[in-house]
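Once you scroll down, you'll see the structures, which are given as structure tokens.
One chain, chain A, links the two complexes that follow: it is found with chain B in the first and with chain C in the second.
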Partner chain A sequence: MTADTLKATGRSGAHAPGRFRRSLAARQRGELWGFLAPAIVFFVVFFLFPLGYGVYMSTTNYTTGTFITGRAPFVGTANFEAILAEPITFRALTNTVTITVVSVAVELVLGLLLALLFARTFPGSRWLPTLILLPWLLPAVVVATVWKSLLAGDGPINDILGALGIPVQAWLANPATALPAVIVVAVWASLPYWATILGAALKQVPAEQLEAAQLDGAGAWRRLTAIVLPTIWPVVSVLVVMSVVYTLLIVDLVLVLTAGGPANSTVTLGLLSYRQAFQQFQFGQGGAYGMLLLGISILFAIAYTVMSIRREREE
Partner chain B sequence: MTATLPAAPAIDAAPLAPSAVSRRRRRRGWTWTMVTVAVLAVYLFPVYWMISASLQPQANSADTAWFPAAPGLGGYQMALDDAGIGGLRVSILVSLGSVLVTLLVAIPAAYALSRLRSRAVSIALILLLLAQMIPSVVLATSFYAMFNSWGLLNTFIGLILANSTAGVPFAVIVMRAFMLRLDTEVIEAATVDGLGPLGTLWRIVVPLSRNAIVTAGVFAFLFSWGDLLFGLTLVNRNEMYPISVLILALSNSNLNTWAATMAASLIASVPALVVILAAQRHVKAGLTAGSGR
Partner chain C sequence: MASTSQRLRRVALPAVGLTAALALTACSGGGGQAAPAQTDGFDGVSLTVWNSIDFEPYQGLQKKYFEDCASQLGITVDVQTQSGDYTTKLLQAAGAKALPDVALLSTDTQLPQLASQGVLADLSQYSISTDGLADSVAGLGTYQDTLYGLPVQVEDYAIFYNKAAFAAAGVPETAPKTFDDLVKLAGSLTTADQKGIVLPGIGGDGSTPVYFLPFLLSAGGDPADPTGAGAVAAVDLYKNLVANGSLSSEFVNWGWESIDQWTSQKAALTVSGPWNLVDTSIPFEWGTFPFPTAKSGESPKVNLLGYVYGAAANADAQKEAAAAALIKCRASEENQINTAVQGGYIPALQSAQAAFVEKVPAAAPFVDAVDGAYNSAQLGTEWNTLQQQYVDAIQAATVGGQTAQAALEQASGK
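Showing the complex of A and B:
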């Protein structure tokens, strides 16, 4: 039908049907670019410009006074030198990396275990696994608030530990246990995501191959390492990098749980950026922390992009 | 144990064997059901705790019981009384607004990126991925300065635009993946039949991509609903705080009961649940069609 109409118009109208078709295609391309315009404007105003402005702020002495006088003296790399001279920056750097590496590793293992459990067929296996999505729907501030009460000195977790004879304590108020507690909460909040995506990936594992391996006497561990893991590896690798970037950037969870305390034992780069900008009103230093965090996440972003391009090419 | 033995008298036992096997399998099946229920019970305990504690307004933080023996709604009253209703209203308006902005920006872009054959498409996709990796605290800091000079602090527009930065990249990626699978001939037929570009988009592409659009909208809603950072930084007037900021304030306050905080938390979780349940069917179709791309 398309071709007929084109041919008809071509014969009756213009001299060369080819040129008409080309101009139609060109016009369509123009229209499509027009459809991109709002997104391009949005991207420039709400991503590119803020990013550039962030870089600018990190090189100036940008404070509350700037909003009144409109002046932000250029200070070059002074903000970066100032934050790098602070011992708290290294604390934040180690904490950020620790939270990210430990929680992503634990999420991978627990998420895979849950996905393997849910992949089995048993009475209720259709609807029981969907219940795990529930925590994923809770806003981060709710997750952190609920856990704050669970982990409190007089909270239910200590009730259980006390009953088992394990020494109880205010987990979030003790510098030695606050960081592990934050990691536990981060893992709890992300598990539904991992279990769901890995569960979908497990469906790609060829069942005949698993059965054949079982008949050949391959044990469960051998089947997992030789068949299941290699099949789902592309999904796992992308998931790991995505979660690393996502976890690096977490601010809200820590902000609600501990606000960086006690004794700065749970500060992260994102939290320090927030603290400098919105509590100390040192936007320059806040920006510098933000750029440090951005630099780290860009490294992983590049890794992720390379991986997803390679994956798309394979398909 | 004995059920594994009757394999030898093949001819006689043949009609019996399947039922024995299936019974054994079913029994093993129930063990897995029990394992799953146990795992879920432990994993979902925090959710139960939130509900239980929200119903105990008379208990102080130390004697909040595991079961609300005498449930009361005082916590909900406290949560909604002063600022709660206002915060809920701000959150709902901002979330719906950012769904609208996200879809208005992302639908045409996703359509264009699914039709254009150009190197620019892959560059655009990479930029979208990178945009999702800019720390929101960096955006918030810049937005604070930008919105301050544009007069957008403490406004719905400001919050809506800031929250749309979470929705737009995701929406474009999900909807483009879906639109790639649309039948090109249907779209070209519409063009030739004299529907303009906007007509084609609105009458043909949008109805056909319903599932992906609902999915993108739902996620834009959830992102915006879950936001704390923008609400905390781009607002400094009490009546413009979204519910998330009010929960943070409650959890930091020195109330000696958890009931109000937990009630507010529960109230803040319900809209997300309602939205995802209502859109469940579309989201499933929208995501599966888009996955693997």
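Showing the complex of A and C:
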């Protein structure tokens, strides 16, 4: 090896640390992207693509013929104009919001009560929380089928009410009672989830604070509002947002219980999307209903984000 | 613009036309013609057949018919029964240019959807005719005046009644002539434990509009006119049945499963299809009536659903001709009678219908109503919208407190 070569090697070596640093950074970036890639691919394939396809469908005249020809003429906002011109859309919007607001509010109150109950020690307090998870584990179609039978005119619920001297009726056949009946079933199906998550959150409430407050003379209500609720509030707010979005999309329960009837008294936006796509074969209008639901869900998500940011600032 | 397959067919057809024409006469039936077997033209041809009706004995019978026919024609055949959403499978197969060579198609949605996209072969070019079929049945296989499917069986509807309920109520087993007669009859059959009649009234599963149409048609109505006098009279009939307590208001929650109310003897009358004619599990003696009409002296009219076999338009003309020959063979009178008796369908051929009534006398109201029956496929995609409108109107009038006229006007937005 000549001196020139060594010099050259040395010069080269003098630059080597810089290049090494760059290559290390590049390698780190590469590793970063390597680890991120599966998540990005998953996000694009299973989230962005279906979402984008839904947006595309809602702006085209997508019918059964499209399956064969592949042609779906672009119609701009025509699908949205068509669904907004239908009076049933506003009835579905009202029903969807009613089901969502009422069921989430009831689930919050009853879920918290159940969680507080299971926080105490009593015979069965260990296995009862596991047992009440069962309704949540059942598919919605099974839940709806069972409740359709329970709520029938000659069903067990009316047998019990009749024995108690309470007036009975065909709950799902009466336009005045069908929507409340759907809400009852929706609450029953989701309540275990609320009780379980809130039960776990209650375990994070510092026992010392509760004992200190009790020694200071704070009653149960005061301890609940001043210590328990503020501590579990982050969990409650996430549960509310998730449940709102989940309940807004309600289709399966309604489809099996009433199919939107009687006289459209239980029709929801999710059901109209299903009807347009799979009964009327107007996939474009079905997609437009889907986008409407997406828009409402995004509004809730924005409201939640704004509330969270404000709360963080206050803290 | 003609599709590639259509263009190819025009070029290739004359080359195989003679052998195909000879081979097409291989089986009797379909058009009613009989001829000696001729297999030369199709030796080595391999075809796939799709069926959608997945219960026995129907499924096994179809396999046997096609394999026997294929054997006569020198064809190799793979008969498959598709379960699940058959319409979507057909559309996806058509989109992927992978339609089976022969497919069973319903005439309300599947035939028009595929025919309108040019993926089915015109069967009339293969000397398949509709001779021996009533005009109402022959029309089921056509789309825009072209024969895309050969009807092999149809479904229409009739009133079923429990004989013991009539005996218990001391009511003679006489068919009600008018809607008023039906309301009175159902009322007199109603007891504390049994409703006079059960009908489906829910939306979504298709049962309600299918069973409602015979009443609308028998009232002289036009299904395309949801606010016409016939539609009003038919909705009014439902309203009167609920009002006099002979039809449970819970019918708005029941679909196809409403028949369970009748088979479990919680209702004396119901409307059902020909599959009930061969149901040996019904635990009581029963009979059938034709539909009543709105006014006395008129003729009842029903809606007709057909099942046809169609052939995929194929660039390989020999294969397409073989598929047509196979369909013609499958549609023989003997096969249709066997399917009717064992599977509970009304045969498409009039000669087979007569034989079916001889074997199953209760099928008479079904067969009598076939001639002049209404094909709802003529409404095209509009029928999808109308179905929901009729369901909405029936529910609004019966449990929503509206008049029939107001309910129909509101449901149809008129």
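In the analysis below, the second predicted complex is superposed on the first by the 254 of 315 C-alpha atoms of A that agree within 3 Å, B and C clash if a C-alpha of one lies under 4 Å from a C-alpha of the other, contacts with A are read in each partner's own complex, and residues count from 1 in each chain.
To be clear about the criterion, a contact is a pair of C-beta atoms (placed from the backbone, for glycine too) under 8 Å apart; a residue touches a chain by one contact, two chains touch by 3 or more.
Please read all numbers here as calculations on a predicted model, not as lab measurements.
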* **Which superposed partner A:74 touches (first chain B, second chain C, both, neither)** => neither
* Once the structures are superposed on A, label A:255 by its partner contacts, choosing first (chain B), second (chain C), both or neither. => both
* Is A:270 in contact with chain B, with chain C, with both, or with neither (first, second, both, neither)? -> first
* Counting touched residues of chain A, say whether chain B or chain C comes out ahead. => B
* Asked: Is A:123 contacted by the first partner chain B, the second partner chain C, both or neither?
  -> first
* To do: Look at A:65 in the shared chain and tell me whether it touches chain B only, chain C only, both, or neither; answer first, second, both or neither.
  => second
* Asked: A:140 contacts which: chain B (first), chain C (second), both, neither?
  -> first
* Contacts of A:174 with chain B and chain C, given as first, second, both or neither -> second
* Asked: Between chain B (first) and chain C (second), which, if any, makes contact with A:152: first, second, both or neither?
  -> both
* To do: Touching chain B in one complex and chain C in the other: list those residues of chain A.
  => 67, 148, 152, 255
* Mind pulling up the chain C residues that touch chain A in the complex? -> 87-88, 91-92, 94-95, 113-114, 116-117, 119, 201-205, 248-253, 255, 381, 384-385, 387-388, 391-392, 395-396, 399-400, 402, 413
* To do: Would you pull the chain A residues touching chain C in the complex into a rising list?
  => 63-65, 67-70, 87, 148, 152-153, 170, 172-175, 255, 257-264, 275, 279-281
* Structure fact -> chain B contacts chain A in the complex at 26, 29-33, 35-37, 39-40, 43-47, 49-50, 53, 61-62, 64, 66, 104-106, 108-109, 111-113, 115-116, 122, 124, 126-127, 129-131, 133-146, 148, 161-162, 164-165, 168, 172, 185, 188-189, 191-192, 197, 201, 222, 225-229, 232-233, 244, 247-248, 250-251, 258, 261-262, 265, 268-269, 272-273, 276, 291-293
* **Complex contacts: residues of chain A adjacent to chain B** => 1-2, 5-6, 28-29, 31-36, 38-39, 42-43, 46-47, 49-51, 53-54, 57, 62, 66-67, 114, 117-118, 120-125, 128-129, 131-132, 134-135, 137-150, 152, 154, 156, 159, 188, 191, 200, 245, 249, 251-252, 255-256, 270, 273-274, 277-278, 283, 286-287, 290-291, 293-294, 297-298, 300-301, 304-305, 308-309, 312, 315
